[in-house]
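Next come two complexes built around chain A: one with chain B, the other with chain C.
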Partner chain A sequence: MAKVIKEHIHSLLEKGLRQDGRKLLDYRKDISVEYGISPKSAEGSARVRIGETEVVAGVKLGMSTPYPDQQDSGSIMFGAELSPIASDRFEMGPPSIESIEIARVVDRGIRESGAIDFKKLCVKKGEKVWQICVDMYPINDAGNLRDACSLAALAAMKDAKFPEFDKVTGIVNYEKKTKTSLPLTDEPIEVTVLKINNDFVIDPSCEEEEFLDARLTTAFLKDGAICAMQKGGKGALSTEDIGKMVKIASDNVKLLRKAL
Partner chain B sequence: MGELFVKERQIVVPGDKLASGMDYLPAGGAYRDGEEIRSSVVGILGINGRVLRVIALKTHYNPRPGDMVIAKITDMTNSLWFAKVDSFRDGLMTLREVPEYVDDGADLTQFYNFGDYVLAKVAAVGRTNLMLTLKGPGLRKISGGRIIEINSAKVPRVIGKQGSMISLLKDKTGCRIIVGQNGLVWVQGAPEHELVAVDAINYINEKGHLQGLTDKVSDLLDKAMKNVVVHDSEEKPQKDKPKKKAKEESDDEEEAPTRRAAGKKAKKTAKRGSKK
Partner chain C sequence: MSKKIKRHDGRAADDMRAMEAKVGVVPNAKGSAMFKIGKTIAVAVVRGPKKLHPKFLQDPESGKLRCFYNMISFSGSGDRVRPGPSRRSKEINLVMENALAPALDLTAFPGSAVEVHVNLIQTDAGTRCAAITAAAMALADAGFRMKDLVSAVAVGSINGNVVADLDKTEEDISDAVDIPIAMMPNEEKVTLLQLDGKITQEALLEAVELAKPVCKKIAELQRKAITERYQ
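And now, the complex of A and B:
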């Protein structure tokens, strides 16, 4: 924790400025989404760039047995791999707390939105259901991995097509893709707002993330409804803070939605 | 007879044939492979008579005694500080090498705390560690301003010939700038001007291998400074620039040290130190 950098960030925020010249509530302008970047190895894939931040996501669809308590519904799994290629902060080895949090928050956003009808993933009740695996790989961390991961996961799911499945033999033919997409009924997108020294900041840089007091990630549906939230950081948030942060986040969702 | 395969200032990659025959000699970044001379790095070819040299586009920092570096305190024991100089070596700074008198058993965080940046000089380089010293003119703990990172191969570009680039940056932006040989750069000034300086330094970091860099950076700075809107009306860097410059004059030697001379001096002091 470098005091010099912290003081610098704070002094700039007081003047309404940030280290890269943006205003506090300016999202980076260059947001792009590329679909189908890995058509041979994944059923769905996407690359999301927010400024210099880059995340690649892939969707694998597999046949598995349903969970005992949900005999007639498929399942979904999210994973985020923070490898050293993205940042020197990350190390190889077992998943870090940060990567688990990112995966779980993205999971919550999509699962709790009800955008996927898991019943439709059932092939044969009690025996065969589709399992969706979504993996997110940050390629470069220039801040705001959370929003980028959420967008990448959703884009990859939108891109995904079911592979051919032979009901008689029970074999999935990954060589051939059908034209059926995942049963997505909505598009939940997460936006993270930071609180640093009583100022609210959106789309943070790595340094700003390091010196945050608190952060709030909110997931929004197409109609603007909130479907999931996650608070992080050691600082406390008052009711008004949360109200303001959610407002800021909801103002910026359309930016990300436009890129989809 | 000897034959040259690439032109001067051309970009080459490791293994590229530069020349054949014994007429040419390999220098830094090049090696002899039988009859041929090949490049060992990604870089730009420089030809000086018979000597072929490849100037790398990117390198890790290779510390030499006498280098001015910006180091970050990462750890401490009861008798020394560990500082990251951005090479694989541990930077060590003993109690004797700081200007303050540190009492036995004192709390070292009171002097240099975790995460503090210091402007230090490399005193000696070992196999796995290097010694840093804070004893010397201008060496100190850094307060205020911001720190950015560039590749250490671009440090000479940011400083320029006889400090031409750095003085251009300082003059046009009115910022105080110190470049550590390890690629950390400290910039301090009015927020808007700081940003212009940082953008320019990042530009040099990316485009430092191009020719006519000084003119391009000069144009860039002129354009950027025109668009600057100073939010705080109290700060008028144009006016207090002369004052600042005078102050800076004394600082200037520290930024572009004649590496060899400074290195010799540091070596001497290091030797003296070890004899004791």
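And now, the complex of A and C:
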């Protein structure tokens, strides 16, 4: 059965077609971002839809102690939960390697690019710093969870406002939000391109993902600079392939940025 | 309900918060539903029937319902909720299964498991009841045989007055009594009953009586959402 579908996908791609009628390099057009989907409890939250793919993400802010080697910096933590809510192929249990990979790539895109000014998260040097927790929850997996998760995480971070913090008592008042946003200095967005057989495909469906040879996720900053990459899949890529895939990704990043 | 009491949000004693129900919210699932009551939002998805592991849990006569209640990390008031099962969520899984099973006929699927996964997106008390209400719609949407719906609400008492659908502000009042109740609305039979707090026998019975019309109202909304999906 799997073989039949694989051959079907290959033969369609050779003709420049895909199962849902798109061309190989067509991103789904219906991309939406909804902010503040859990305003009572989360400091920031957002829902991203790319076609039928849906991901919700939220930010919780907590007071914590700094790491010994970074006395004047706050911290950030990313999590992705691939639960059976989103797809039949996800199981209950400890985080799967796929969910760890998704969270780690989003993490790198935001951390390594310097998109957050961690110094601004310091409340009292060596004692009190803010910790940002960003969690991504796919609700419906209709392909390309990677791009959707990255966009949802960024949107939730843009939506976030600090809660009130009483320096005297040391208590965070989650009931009261301030007007201060997170110290975001840039907005990294991931775009994933697949290589299937000899063709390149953007914004893949679940089945295309199942039969991919290689996958390349690239995160871009506002000025077009690349800030994180992750190659996935068992297939190998030539340098020419990589050049093409990065170009395809960069051509599509504005489409996602526009939705924010 | 002749007694006039003052609730912080202006509701009468038997008033529920604004509700919203939608079926088929997760297109790739066999059955799914969203239920919102006040600020509490639950999304339920049905998976299966699939093989039940571990094997000793299998029932050769019937399929087994398994529920998975999950408050997502940013859905709590205050600190981040740690992902993964807790003792609280495990207990809720159990009472959800007991609340839904009486309405559900899984004899066509011996040895297998039917799973209901519920994510709470935002919470403001009454989460297990919202989870059950959403789960019942998702099971109906998935097309399993059911002899009745299951509708749930938290009734209780505040300052000695019996009220329906407590929110978090009310639940946090020191003498508040929280009584989550699930019912098969047509049969008027209770399938979930829990109680936290101190209450007289009379007040308890009054609260359970109050749950009846309230659950029926919820059932109306559930039924409407399900029929809308198939029109």
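Convention: the second predicted complex is superposed on the first by the 259 of 260 C-alpha atoms of A that agree within 3 Å, B and C clash if a C-alpha of one lies under 4 Å from a C-alpha of the other, contacts with A are read in each partner's own complex, and residues count from 1 in each chain.
In the analysis below, a residue touches a chain if its C-beta (ideal position, glycine included) is under 8 Å from a C-beta of that chain, and two chains touch if they have at least 3 such contacts.
Remember, predicted model here, so these are calculated numbers, not experimental data.
J.: Counting only touches as set out at the top, which of chain B and chain C does A:I5 meet: first, second, both, neither?
T.: A:I5: touches chain B, not chain C.
J.: Report for A:E164: first if it touches chain B alone, second if chain C alone, otherwise both or neither.
T.: Once the two structures are laid over each other on A, A:E164 reaches no partner at all.
J.: Quick one: classify A:E127 as touching chain B (first), chain C (second), both or neither.
T.: In the superposition, A:E127 touches no partner, neither chain B nor chain C.
J.: Counting residues of chain A touched by each partner, does chain B or chain C come out ahead?
T.: C
J.: A:D251 contacts which: chain B (first), chain C (second), both, neither?
T.: neither
J.: Would you check which partner chain A:E14 touches, where first means chain B only, second means chain C only, and both and neither mean what they say?
T.: Neither chain B nor chain C is touched by A:E14.
J.: So, A:Y174: does it touch chain B (first), chain C (second), both, or neither?
T.: Second partner only, chain C.
J.: With the two complexes superposed on chain A, say which partner A:D72 touches: chain B (first), chain C (second), both, or neither.
T.: In the superposition, A:D72 contacts neither chain B nor chain C.
J.: By the touch definition above, which chain A residues appear in both interfaces, chain B in one complex and chain C in the other?
T.: Residues common to the chain A contacts of chain C and of chain B do not exist here, since the sets are disjoint.
J.: Across the complex, what residues on chain A touch chain C?
T.: Those residues of chain A that touch chain C are 37-43, 45, 52, 54, 56, 58-60, 62, 79, 81, 83-88, 92, 94, 133, 135, 137, 139-142, 174-175.
J.: Under the touch definition given earlier, write down the residues of chain B that touch chain A in their complex.
T.: 72, 113-117, 142-147, 191-192, 195, 199, 231-232
J.: Residue numbers of chain C touching chain A in their complex, please.
T.: Those in contact with chain A are residues 25-29, 39, 41, 43, 45, 47, 68, 70, 72-80, 83-84, 115, 117, 119, 121-124.
J.: Report the residues of chain A in contact with chain B in the complex, numbered from low to high.
T.: It comes out as residues 1-5, 7-8, 11-12, 15-17, 19-21.
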